[in-house]
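For reference, chains read A, B and C in written order, and residue numbers begin at 1 within each chain.
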Amino acid sequence: MQASSPNVARGCNVRRFVGCIGTVLLGALVVFGVGYLLHQRPAPPQNTAVVVRGTANTSQGTVPHVFVHLATYPDSLAGEHGADGGSEPDWVSYGPTTGLTVPAHSLVTVTINNYDGGEEITNPYFARVHGTLSGAATVNGKPMTRANPDHIGHTFTLHAAPTSQTPLFVSVPLPAVPDSRPIAKGHAYPPPNVVTFSFMTGSAGKYVWNCEYPCGDGTYAKFGGPMSARGYMSGTLTVT
Amino acid sequence: MSTATVETQHVAEPPAGGIMRRLNMGTAILSGLVLALLGHLIAKSTLSESDYLSSQINIITMACWAVGFMAGIGAFVAPVRWLRGADLNHAEESFLAGKDQGVARYFRFTTDHKVVGIQYLVLTMVMLGIGGTMAMLIRTNLISSNTGFLGPQTYNAMVGLHGLTMILATIIMVTGPFGNFIVPIMIGAKDMAFPRLNALSLWLLVCLVPVLYSAAFLGGIPMGWTGYAPLADQGPGGVDSYLMAIVIFAISTAIAGMNLTTTVFTMRARGMTWNRTPIFVYGVISSVGLALPAFPMFMAAELLLGMDRGLGANFYIATGGGHPWLYEHLFWLMGHPEVYVIVLPAVIALMEITAVFARKPLFSFNGAVLSILGIVGLSIMVWAHHMFTTGWATGMNGSFMLTTELISVPTGGLFLVIVGTIWRGRIWTTLPMMSTYAMLWNFIIGGVTGIYLSDVPLDYALHGSMFVTAHFHYTLMGAGLTGAIGALFYWFPKMTGRMLDKTLGWVSFWLVQIGFNVTFLGMFMVGLQGQARRVVHYDSLFTSGNFVSTMGAYAIGTGMLVLLYAVVSSWRGGEVAPINPWGAKTLEWTVPYPVPLENFEVLPVVTEDPYGYGHPEVPAEPEPIPEAVPVGASSGAESSTSAAVRK
Amino acid sequence: MATSLEAGERRRWWWSRRDALEIFGIWAVFTVLLIIFSLTVPRALMGEPASTTMRAVETTFIVFTVAASPVAALVWAIALYSLLRWRRKGDWTPDLDDDGDAIRGNRTAVGLWIGVSSALCLFLLVWGLAAMQAAATPTSARNPLVVEVTGNQWVWTFKYPGEGGGIETNQLYLPIHRDVVFKVTSDDVIHSFWVVEMGIKVDANPGQITTTETTPERIGVFNVRCAELCGLLHADMETTANVVTPAQFNTWVQAHQAASQASAQGSAP
């Protein structure tokens, strides 16, 4: 390393220093700006905290009991994307929200109104009910442990269990609404299949859920579009 | 660029150039946009509704953009003349070469190799800036286990675009700026063999930049830079941007590779036999020569992907009779030669630099050439080591392990040449020389970790983890980018006429090198602990390693910004450089700045290799002196080397 | 370092030359440090192996690092020494100052270098082939547990065709010390089935069955990750591998058998 030549003016050094710091700050600003823009979109699901409504007696004692109401639609007009359906109104979607927050060590009862039709599921494993209380769910009031794998509308499949949090796996099929079911006057969709199930949460953690019925677009495996974009056929479950 | 001198000669009447006078980057963008819009509307209104419609529209729109842009820049002026049975006249050629156009020539379809070199340099810096910004965002997202800073969709797209941007930028970062600006002068040529193709290759790259980043607005790319099918078949419109960008890039690379290879093979100065050709020239042609068979593979892979997405061809879809392994093979047939396309010219530039600053002849020139040839030859036979875990032909894993491990022998040869050149040298620790030292440190780590990955059982454990990410950053960035920055430090005086600010250069050097090692040693750590690549969030087990990595990344970012400021400020008003500040003996250091349009008034004649440093113990056999008299090169020099130093 | 001495110095043996001796010293120190590093750090990071495969992987990693140590140490030692002793200090003018020796090659050095690197390369190859051979010993003769793994975007599911008349589950349970063969496939895009602490990984390709096998040798809960970017929720495509005693495994099989049958025969509206 050679010493800088002695005739470099002090003013030049100051200018160099300022210019250098300025460039670094400008670069940081650019990174921050791009990050700020990308952080906002596509908009993360609005986290909806589910309110505790009473308690439930389970094998683990008396625990808080919360109720979650969701629905699946053949479009995005009723979900979290606004009345006009946002940028992709034709995409199937869960609604009214895909970001759920529930308390730890509590009983969660989920009710999903499925308004959508469907066909054969790729992996029949997801046509059966897994991980719920007593391994069952109800559809339109009748008990269900499996659905016909040829007529699945969607599934609600909750998973992701890195070792540092309590494993949680719940998968419930939502039977398809037959195409023949008539649409009542004044309604946008035919009467839904109402699926209800309950599961227990463990300690705090972050989970994801998604649909395992190939209902997206894309020319392969139907897992593109709404299946591969946040806020449509997948969401988060935060246990606090 | 503002220091480019505006020559004030009188323009001959009538002004040459014709329509070319009106064409520049502005008309190119305009005509590209108009044609793209036209193509979009026509495709939308004529094509019938199907699953493939959106891809068809995307591909047609982007192809129209490319054609429109290239027409608007003037790439088709000469071919149209040929169709009309004519060609450009001398005045028009001179105009095309950028004669008397000042700064404007940097925004035109200019054929002068020095202009193209500067354009490549700026383009590389822009792409490194974009890729670096994305790297900062990725590392920010990974600063702790579950930041939620970026959504998974954005994160996946960013990982892919960061990778692709950096790969494209690093492929062109040595052979583009220095291959174009320096190599023709280094071999004593007036220009490239095909000056118009040279401009074409550069402007195709400019043309692909908006195509590539349109992916960000078309849903991103979900599959990383490798673009594995069938995930790419499933992906949103961004995948169309990806594949079109690759197709354009492959065309550009093929043109540039053919051009540089032809130039070096046919246009070397009189007397510049292969053993008097500077080693850097070998580095450049090995790189572009290797790209010649490699990138068509990538192009083919993406054309098939385009047919899958646009026409339902099912090349990569098992249920349709295709197979995803086809994509992986085509990709890695490009992908492994490609890493040597990146690393070879950078490391060999450092070899050239080492001889200058150790003030010694290159150690074992023939060994260096043989090592380069060995690497080039072996690198096309190792691709399936990227596929050990795919399950494809497990019986062949042993042979690919063999070829991969064999490559360590010629790579060791490169180390021997550099270490041997340093041995008992009179080391002048300038910035370019210190880049060699940094490379020796980084590339050893990158190389040794590469050996782990070549071992099949070890690869089963490490493949797809952060260990791999750290490994290839050590080679491509630790050796490749370090070499390119060293080359920039070294040739900056010749390309800009100014010395690069030393103080800022050192600040940048240490920030980048220390930051780099912190970042990727941290990444090795989490890789060995078991963190998968390309994950938007991770187990809290990996938090400390990732935090360290992110801090290192910020240091790299800061260092690169300091370098950017150093380059821009020195270019505008740095200390004026002498013709040969380093006392080097290659031909480019004999020409003044600004380098004349045709480089040499009289073409030089070479009588010995450019490594005549020091005092040979045994005097070499006196060379028979060629009949032609070397003018302006060898007069008054201490030896008969044609590339002697002008004082 | 004076030029006049160089001719004389060259005739002496290397160990009588100061620079060569000092480089040798630095090299020895570096080698020892690197070997200490190799023996401690990788094992600490990779953790206690959970399978025979992982045990072999860690051994190979350590052996390779040890083997690379002297080579890396040599390059770094010469580099460091050249910076300390051969560096030109202060300002310097290219044409006035002395150049280095015009050493254009050295047959002994080149030959030695090629010989040593080829020998090392051969060693790595033989080691790797031997390790592959050891891993390829057929476990089919030893009554292995067969687990069929299916990757779906973004969930792993497992089938145990040979246990309790066939179990289908999202949980991976393995009995300790029993060979296990994973038959891996995918329903959609490419995934990669990776049991981290067991050191096994194989891609899940659509329309193709790939296999990988190992023998768990430690009771515990281990990580299963997807190692190939597979779309939106790739980072969440994780589950656990539970290695238990054979008795616990049988209990688990029976419990699951009951649940599976209840589910399979249950009501479907």
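To be clear about the criterion, a residue touches a chain if its C-beta (ideal position, glycine included) is under 8 Å from a C-beta of that chain, and two chains touch if they have at least 3 such contacts.
What you see is a predicted model; the values in this text were computed from it and never measured.
Q: Going by the contact definition up top, give me the pair of chains with the most C-beta pairs touching.
A: B-C
Q: Could you pull out the chain whose C-alpha mean position is farthest off from that of chain C?
A: A
Q: Measuring from the mean C-alpha position of chain B to the mean C-alpha position of chain C, what distance in angstrom results?
A: Each chain's C-alpha centroid was found; their separation is 30 Å.
Q: Using the average of all C-alpha atoms in each chain as its centre, how far is it in Å between chain A and chain B?
A: Those two chain centres are 41 Å apart.
Q: Averaged over CA atoms, how far is the centre of chain A from the centre of chain C? Could you give it in whole Å?
A: Here the centre of chain C sits 35 Å away from the centre of chain A.
Q: Would you mind listing the residues of chain B that make contact with two or more other chains?
A: Within chain B, residues 152-153, 222, 230, 234, 317, 429, 537-539 contact more than one other chain.
Q: So which stretches of chain A touch two or more other chains?
A: As it turns out, chain A has residues touching two or more other chains at 2, 162-163, 220-221, 223, 228-230.
Q: Two or more other chains in contact with one residue: find those residues in chain C.
A: Those would be 92, 188-189, 206, 223, 231-233.
Q: Please give the residue numbers of chain C that touch chain B in the complex, ascending.
A: 6-7, 19, 42, 45-47, 53-54, 56-57, 60-61, 64-65, 68, 71-72, 75-76, 78-79, 82-83, 86-88, 92-95, 97-106, 109-110, 113-114, 117-118, 120-121, 124-125, 127-129, 131-132, 135, 184, 188-190, 192, 194, 196-197, 199-203, 205-208, 210-212, 223, 225-235
Q: Sort out for me which residues of chain B touch chain C in the complex.
A: 152-153, 156, 159, 222-224, 228, 230-231, 234, 317-319, 323-325, 358-367, 389-391, 397-398, 401-402, 405-406, 408-409, 412-413, 415-416, 419-420, 422-429, 437, 440-441, 444-445, 448, 451-452, 454-458, 460-461, 463-465, 525, 528-530, 532-539, 580-584, 611-617, 645, 647
Q: State the interface residues of chain B toward chain A in the complex, per the touch definition above.
A: For chain B paired with chain A, touching residues are 51-52, 55, 133, 136-137, 140, 146, 148-154, 158, 219, 222, 230, 233-236, 308-309, 312, 317, 429-430, 501-504, 506-507, 537-541, 557-558, 561-562, 564-566, 569.
Q: Flag every residue of chain A that touches chain B in the complex, lowest number first.
A: 1-2, 4, 16, 19-20, 22-24, 26-28, 30-31, 34-35, 38-39, 41-42, 44, 162-164, 206, 217-221, 223-225, 228-230
Q: Could you list, by residue number, the parts of chain A that touch chain C in their complex?
A: Answer in residue numbers: 2-3, 122-123, 125-126, 128-131, 135-136, 139-140, 142-148, 157, 159-163, 167, 169, 171, 175, 208, 210, 212, 214, 220-221, 223, 227-230, 234.
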